[in-house]
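I have a structure I would like to understand better, so I am pasting it below and will then ask my questions one at a time.
Going by the order they are written in, the chains are A, B, C, D, E and F; count residues from 1 in each one.
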């Protein structure tokens, strides 16, 4: 498979999951690290998210869980709470996923995750 | 709701998800922190896992993702890889979840998660 | 013990330790995750902080230390620096606790903890 | 104050808190990084632990809390659980401190902290 | 060696690496923890950075890598991106170091590191 | 560029940096996640390490620093301490890099990093 195929497939996945916000992330890299924008499209989206073995809803639940637990990547957590909504995860399922992280990463991680969700949900039409 | 109900419901959830390994964790706490064994049954299992808003398969995907990403709780990651299998997550879905963590927590986190999965899968009949 | 007792006891502990700020945290959860507000009152405050084996001053020193070291939960660190003051930990003891974290989590963690303390102290009458 | 004074004071504090285990840590550095052994004695013990603003019991509670929460420094956590005992923190207070970390860093962190405490307590006469 | 020598040497290293920003950090500690300002000058700068075994460019690459990977110390990461420039690390080398962290700590860590670099570079004349 | 080129280039970089240990990591993935072995070769080694903007010595110093600071990926830290030696970083430079992490991630992180280095150095002929 050629590099162009990976890029094309990754770009479509990025658009499907993250929508305009994903494009803005890519855009923001253009003057500082344009190659990194390409890697971001090719590896996470072109390689990983394009794999058939796990549905996109489960993938977004996994990333919302992980970023809530890590607690040090607020901008990306918000992008993926939006991404979860975009691929059909319900608000309730997102809230349940974040609440569950109180068990694995503590109440502060869950509280900050819920604050991020509240902010993203408020932006929704 | 009485405390007995939470405990009873939590104990059943713990058995459903973690099986004998869950009971061993509880057992190991008896001489050092018996009340913590009770909290472990009541809050994570009696309160959180018993909630209807997210199915158990998704909950186990979330915790495998989070513990892989955190990378500092190998024993609990193994318990929940087994728990994921117990509630119907396939080996492939577990491997996909862990691989995806390379994107959010780096390749070492994913490599160590895959090593944990390999160990748990090898114990299976 | 009934659930109502845990909630009542937790609410009183929350008020004793965190004062109005604790109530605001609970309030902020009402529209997004009301059950999580209840869990927060019941488990950390109704179960853990209500235990007799460790005095509240030591408990607040422990949490200020842990949140300074983790470095990814600034809002909760500030709540507990205030909480430490509320239960009788002196400003000096708080500063000593945070400074000591330079040894266990590095100078950036301690510097950011001191900045949080400075902000909380400045709000005091 | 001369460097010799800091070293001497640090060495005495290290002996008071960590006992023989502390000496073994210093010993283990002799062939790989002898200067680091000196820094370890001078800065954490000669500068920080020697400060009057916080009693040693509170300092050991703070470090047991922080290392339990971080979850990535098992050898040092065990050294300081022993150190806590050495300066007069009771087993119960240590267990309470570790259990409380379930609230701030999740149940796996607390479970692994309790396992470390169990191991250290078992070594005691 | 006397304490004054360490302080003097540390102060010069701090000025060489961090310039005015380093002085501001020290200044900000004066009312809350003046002794910590002294430790910051003496141990990291007077002891560690003054050591001959590793050139300053490599030391700044190491710290930019570590703080990008940890992802929980944005202010200090910016100080050291500036510090890296001050000791002769090129913008390209800084960007490469941060991009490489996507492999070891995930894409969010690298994205947030690149955003910090962008901000620091924009301030440059 | 075709996928074959990335793989080939990545494989050569992996061999250059990690030697036989790198091949063993790849081998260990064959039965559990063969595609992940491919990604590991293609993205970190074929894309990132192959970039011209930062020399391999600096790249290995960066990864030793980051993994020491994170403190939750001991196997990979050892692989890269060996990798650092393979590309010409001296033992002294490795020890300096790890010691410096005491400043940014605390003394336990540095102590565990030094223990890893000691183990790798002892295996050397």
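The rule we apply is simple: a residue touches a chain if its C-beta (ideal position, glycine included) is under 8 Å from a C-beta of that chain, and two chains touch if they have at least 3 such contacts.
Which protein is which chain? UniProt says A, B, C, D, E, F = Carboxymuconolactone decarboxylase family protein.
Keep in mind it's a predicted model, so treat the numbers as computed, not measured.
A.B. asks: Can you name the chains that touch chain B as well as chain E?
C.D. replies: In this structure, the chains that contact chain E and also chain B are A, C, D, F.
A.B. asks: Validating interface symmetry: for the copies chain E and chain F, is the fraction of residue numbers used by both over half? Same or different.
C.D. replies: same
A.B. asks: Of the pairs D-F, A-D or B-E, which has an interface that repeats that of B-D (more than half of the contact pairs shared)?
C.D. replies: Having compared contact pairs by residue number, the answer is D-F.
A.B. asks: Quick one: chain D and chain E, Cα centre-to-centre, how many Å?
C.D. replies: 27
A.B. asks: Taking the mean of the C-alpha atoms as each chain's centre, how many Å separate chain B from chain F?
C.D. replies: The mean C-alpha positions of chain B and chain F differ by 30 Å.
A.B. asks: Which residues belonging to chain B are in contact with no fewer than two other chains?
C.D. replies: Within chain B, the residues that touch at least two other chains are 35, 39, 43-44, 48, 51, 67, 69-73, 76, 95, 99, 101-109.
A.B. asks: Which of line, ring, star, complete and other names the graph you get from chains that touch?
C.D. replies: Complete.
A.B. asks: Please name which positions on chain A make contact with chain C in the complex.
C.D. replies: My answer: residues 70-72, 95, 98-99, 102, 106-112, 114-115, 117-118, 121.
A.B. asks: Given the complex with chain D, which residues does chain E contribute to the contact?
C.D. replies: 1-3, 6, 35, 39, 43, 47-48, 51
A.B. asks: Along chain E, where are the residues that touch chain C in the complex?
C.D. replies: 25, 28-29, 31-33, 35-36, 39-40, 44, 67, 70-73, 75-76
A.B. asks: Please give the residue numbers of chain A that touch chain D in the complex, ascending.
C.D. replies: Per the touch definition, chain A meets chain D at residues 69, 101-109.
A.B. asks: Under the touch definition given earlier, write down the residues of chain B that touch chain A in their complex.
C.D. replies: 43-44, 48-49, 51, 53-54, 57-59, 61-70, 73, 76, 92-93, 95-97, 99-105
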